[in-house]
Amino acid sequence: MSFNTFGKLFRFTTWGESHGPAIGCIVDGCPPNISINENDLQKELNKRKPGQSKFTTQRKEDDKVEILSGIFSGKTTGTPISMIIYNKDMRSRDYETIKNKFRPGHADYTYFKKYGIRDYRGGGRQSARETASRVAAGAIAKKVLEKKLGKKYKVIGAVTQLGIIGCDTKNWNEKIINKNPFFCPDKSILKIWEKYLLGIRKLGSSCGAIIEVRVRGVPVGLGAPIYSKLDMDLASAMMSINAVKGVNIGAGMNSSALTGEENSDEIIQKGKYPIFKSNNAGGILGGISSGQEIIVSFAVKPTSSILKSRKTIDKFGKNTSISVKGRHDPCVGIRAVPIGEAMAHCVILDHFLMNKAQCGK
Amino acid sequence: MSFNTFGKLFRFTTWGESHGPAIGCIVDGCPPNISINENDLQKELNKRKPGQSKFTTQRKEDDKVEILSGIFSGKTTGTPISMIIYNKDMRSRDYETIKNKFRPGHADYTYFKKYGIRDYRGGGRQSARETASRVAAGAIAKKVLEKKLGKKYKVIGAVTQLGIIGCDTKNWNEKIINKNPFFCPDKSILKIWEKYLLGIRKLGSSCGAIIEVRVRGVPVGLGAPIYSKLDMDLASAMMSINAVKGVNIGAGMNSSALTGEENSDEIIQKGKYPIFKSNNAGGILGGISSGQEIIVSFAVKPTSSILKSRKTIDKFGKNTSISVKGRHDPCVGIRAVPIGEAMAHCVILDHFLMNKAQCGK
Amino acid sequence: MSFNTFGKLFRFTTWGESHGPAIGCIVDGCPPNISINENDLQKELNKRKPGQSKFTTQRKEDDKVEILSGIFSGKTTGTPISMIIYNKDMRSRDYETIKNKFRPGHADYTYFKKYGIRDYRGGGRQSARETASRVAAGAIAKKVLEKKLGKKYKVIGAVTQLGIIGCDTKNWNEKIINKNPFFCPDKSILKIWEKYLLGIRKLGSSCGAIIEVRVRGVPVGLGAPIYSKLDMDLASAMMSINAVKGVNIGAGMNSSALTGEENSDEIIQKGKYPIFKSNNAGGILGGISSGQEIIVSFAVKPTSSILKSRKTIDKFGKNTSISVKGRHDPCVGIRAVPIGEAMAHCVILDHFLMNKAQCGK
Amino acid sequence: MSFNTFGKLFRFTTWGESHGPAIGCIVDGCPPNISINENDLQKELNKRKPGQSKFTTQRKEDDKVEILSGIFSGKTTGTPISMIIYNKDMRSRDYETIKNKFRPGHADYTYFKKYGIRDYRGGGRQSARETASRVAAGAIAKKVLEKKLGKKYKVIGAVTQLGIIGCDTKNWNEKIINKNPFFCPDKSILKIWEKYLLGIRKLGSSCGAIIEVRVRGVPVGLGAPIYSKLDMDLASAMMSINAVKGVNIGAGMNSSALTGEENSDEIIQKGKYPIFKSNNAGGILGGISSGQEIIVSFAVKPTSSILKSRKTIDKFGKNTSISVKGRHDPCVGIRAVPIGEAMAHCVILDHFLMNKAQCGK
């Protein structure tokens, strides 16, 4: 039972507020003798960090991560790995004017009512800034899994829908995903998305997105039948990301509209290995990985901080309105891609270790 | 870390296989001095039990629950509540012919590969029979919350989509939900669903469903900002139900297609209490309940056990095919309604107790 | 976080009251493919069960255990193992006269004050009857470890002090331990103990005991440096047994009176393996097993239910006195031997699985 | 399940190695709106820090703690509190000569065998330096409890035995404890201890100690009957401190030598409150606090790093010997006093919150 820890055997605990001195993360349960250095983490953090294109917030953060423990002579020692990222480009004054107002769509109202106190600067703990810590944790999980499962292990996330415009996942092209500002896998839609998002931004509005994360090279057998289902933990992981409101495994919500024969993936033995003729299950059957590609997708709601004026109340219970200036992403969903990947790494490693424990393989 | 336990402070552990002597459940962490008797549990179990209409499996199970501990003079004592349900109408021979085959869409293949052994009779542990235990646990949580939160607390689940046919939730009528075999809230669609499902059954096929669970009377403040988000735990709870492949909170997956101003729910003070003008958030902001109605929906895939022949392999790696006779629900989603309600009760109580612990209210 | 569960990866949850219909236990996280049958459990339970000699309570309980799940074709399947023991020889009327009185040395007062309600019959949940469930769980852990570690793995408990009379552990003789009613390892003291305990019983009094548990065949490397120390978990396990008030690892409390050179166990390489010249560490260094014999001992206070009249109060706050008749052990410590062994098995297996998870061996 | 986290609802996670850049601690689950500043923590840390008298190590560490999160406007916000202490006076070269040798009595051998890698500088993670983090966590728990329970709540630790010389606890005088270098409560023994310990140090040897921690002002009702016993968690807490080998609650190991009537504490009603005539139970009955003073004591083994030459082996399996120079405490037990106090604060707060959750008070 823990409020700020994720995972069971491979666990990470994050801490820190958006405008405090720093944020950070402790990884516990990491296997020993894994080569890890700060560059490994930085590479992943750079994918998430703000200010990289005109489509993300202009807050300037290096997101430079330092490792403070758990690594000796370049290798993990089995002790907790503490990582810290100092906050730099904080403009706390930006928040003075709204410190008593509850921004609609944000956690301002619920936080204050729950705790009776809140750090309103940049959203405090509720800021998506926390997710940098997870990306660092995910980078460690990735290194461990690459060593344990080999080259075939790979996690790839992409944006498959931007606002009202979906891309065609049949055009999925992994080579382009990290080469466009949208983490889009479909070349044919790029121009349209660019136009669309510029329009959204110009209007002082924002839009949502759907992110799809694919995991390859996971052996059959990770997960458990009931309350440690692999899909349950993936859903939990993705739903823990700020602004996520829905999660699908494989065919997801659409599986409701399929018939039994459309949905259940037939199995055919080909040589030594079984092949599944389709993948509506998203690589998970009965909570356990089947060896197929694991597919999880999730929806990120539109950024709630928008220029358009919105009705709200203040902490004294008075009606008022708000228009959030600051520096905000027109679509926070875009930066959720490396976060979704990181969470997938962490869940897979967690279940890999659990399987090792119970089934010895 | 636990494979068969759900919850943090209000915890339940289930056990048992479909064709073993019994199934059961231990509830731990229940507050003392709550009046509970077996009838309270039976009422909920009866909603889930099979053989109640022509639209569910014809397996005959009383699902009669006995309480073995934790209650003294009709009241909870704070010690673990053990409940047992004996299995009765087992026809294990039905499964002899398929004991070496992996049914597509089922966990047969993944279980066997993980554990190297499996109780194939009726799906063993992977059978939806396990969910009877959760319904019993949920009935206890319900009693506790009704005492702690009063009459205003209420959880109502309904089927809002059956296969390809959605109902109109604007016609939501709570009075009819428990009076039709589909737990349907929209009177206007009943006849159509009946015809549709009979057709599906006649074809030896099956269909999926979407279930929506609404929770009323939850105070503002349940949940936590990051890894104990209320929506995260609800998603986890629903995804742990057999055959669930997608979970939405409020606008859910559709929130991706909204703009910031469409999505964020404006707040207006009316007398002593704030009113939200819409509820895309599904009653949860930043992982914490807002006092609005909590809305969670989830998709149940179509029953995988169908008459139609499907290609598969056996445990020796040989290609074969399968046609499942037995006694199966044409739409397992229908019986998921009381299960979804039960899981909602358990999650809400868990967070109610956590809030009590940390915030003292 | 759990009130009635012990363990991290190999976990068991117990339930049941002394005079309820039954008591029981769920084991979760047990590895699959381990041969286990009810006889394996019964053998261990028989060591603990009451009424076996004139030195233990005359309550007659078969303590016949039934397995309700988790075993298929004689082998564990990886799913939870549910075990039940029905209560038989309950004389609840014996407790009517004391139902409003708080027995000194018992949990009566504290339970009532905490929960505001209590099952006073036979001590309810606080009865040592609960320990039968642990013995069943321990029997399962034992079977798993015997398979994983081989014949060299062995746990032996014995009473080394009865009241004021200690035995000489230099005379430790394992062959006699299970052949005398005291689980005494020192033949030379047997007669004296018998006389002493008969005297105690005749006086309507009771005495305490010290139990020592030795664990052999544990590989080096189980445990962890800080908050999952093997000795920490052993101390926790033993202190969870009813009436235990002190726990020692190796030299234990006496290590305070040693000098550095007396205490630290020198190491000498002999062929392939290191030999320790002494074992003040009790087989655990820095929280991690060293491969030496693990030695844990604990003190059980004298039975609090005695014939002698004691001053106390009732639940209305009135002064009164009490003399407990019923059927009680003159020294509950004796029956703590199989319980201490069971807890040792469970802790060792738990750490064995954790080591597998993190260090892969 | 966690290797580096302590607690259930009030949880702290520590990280860091003796000769790494820093050590630190995350406190999770702290109630909001508690006034805390760095001075509150520093005061407690100063009691533990080295180099304060000729009887402790001469390593010079300010142990200056910084708070990085979780506090806003001087008050806790309910989010994780991250604390960091930079390491300063590290002389890692001191350890070069022994980097391949396993120091007897230390965790060197077991660590290396478990993880296959170890940071040998100053004991790495196994160094008692980690305990500074706990003292910081304990200082937070103390502040919370002082607010929740009021002035009557107090924890006082003292050394009651130094090597072979016990003090007389009947002379227990709280005013002198923090005014002598031994945290000794008995004025009459001070001179003798001083002479004794100087002798030990001169010989290049070391000695053990017994620490007693008393907790006052704890309400009746904290704890739980079986696997969350208050005494179980206190034993676990104390046994997690480096070099601790035994733990007693109340009469502890000595309770084995008492008769039932000597041991069980009689109860007498005096006005509104019950009075216990003795306190062999150490304030805990059946795992639940009775409202009496809670008394826990533990033994710390003698420092294993001594000048005297000891036989050992190196990591290549060769016989060798070792004589540890460095800067070491002749009796590490002395500095365990503030650590024992800190752990007591944390356990009490943890159970205070659990009681709030389950019993609402």
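Residue numbering begins at 1 within each chain, and the chains themselves are lettered A, B, C and D in the order written.
One rule holds in what follows: a residue touches a chain if its C-beta (ideal position, glycine included) is under 8 Å from a C-beta of that chain, and two chains touch if they have at least 3 such contacts.
None of these values were measured; they are calculated from a predicted model.
Enquirer: Based on which chains touch which, give the shortest step count from chain B to chain D.
Expert: 1
Enquirer: Can you give the rotation angle that fits chain B onto its twin chain C by Cα atoms, in degrees and rounded to the nearest 5?
Expert: 180
Enquirer: Relative to chain C, which chain has the most distant C-alpha mean position?
Expert: Measuring from the centre of chain C, the most distant chain centre belongs to A.
Enquirer: Find the geometric centre of each of chain B and chain C from their Cα atoms only, then give the gap between the two centres in Å, rounded to an integer.
Expert: Comparing mean C-alpha positions, chain C is 39 Å from chain B.
Enquirer: Please compute the C-alpha centroid of chain A, do the same for chain B, then give the distance between them in whole Å.
Expert: That pair's centroid distance is 26 Å.
Enquirer: Please compute the C-alpha centroid of chain A, do the same for chain C, then give the distance between them in whole Å.
Expert: That gives a centre separation of 46 Å.
Enquirer: Give me the residues of chain B that touch two or more other chains.
Expert: Those would be 1-5, 8-9, 14, 29, 32, 78-79, 114-116, 125, 225, 354, 358-359.
Enquirer: Which of the residues in chain B end up touching chain C in this complex?
Expert: Checking each residue of chain B against chain C gives 1-5, 8-9, 11, 13-17, 20-24, 26, 28-29, 32-33, 68-70, 72-73, 75-82, 84, 114-119, 124-125.
Enquirer: If we count contacts the way the header does, which residues on chain D are in touch with chain B in the complex?
Expert: By the definition above, chain D touches chain B via 1, 9, 29-32, 78-79, 225, 353-354, 356-360.
Enquirer: With touch defined as at the start, can you tell me which chain A residues reach chain B in the complex?
Expert: Listed in rising order, the residues of chain A that touch chain B are 1-6, 8-9, 14, 102, 104-107, 109-111, 113-116, 125-126, 130, 161, 163-164, 200, 205-210, 220-221, 223-229, 231-233, 235-236, 239-240, 242, 245-269, 272, 274, 277, 280-282, 284-291, 299-306, 308, 310-313, 317-319, 333, 354-355, 358-359.
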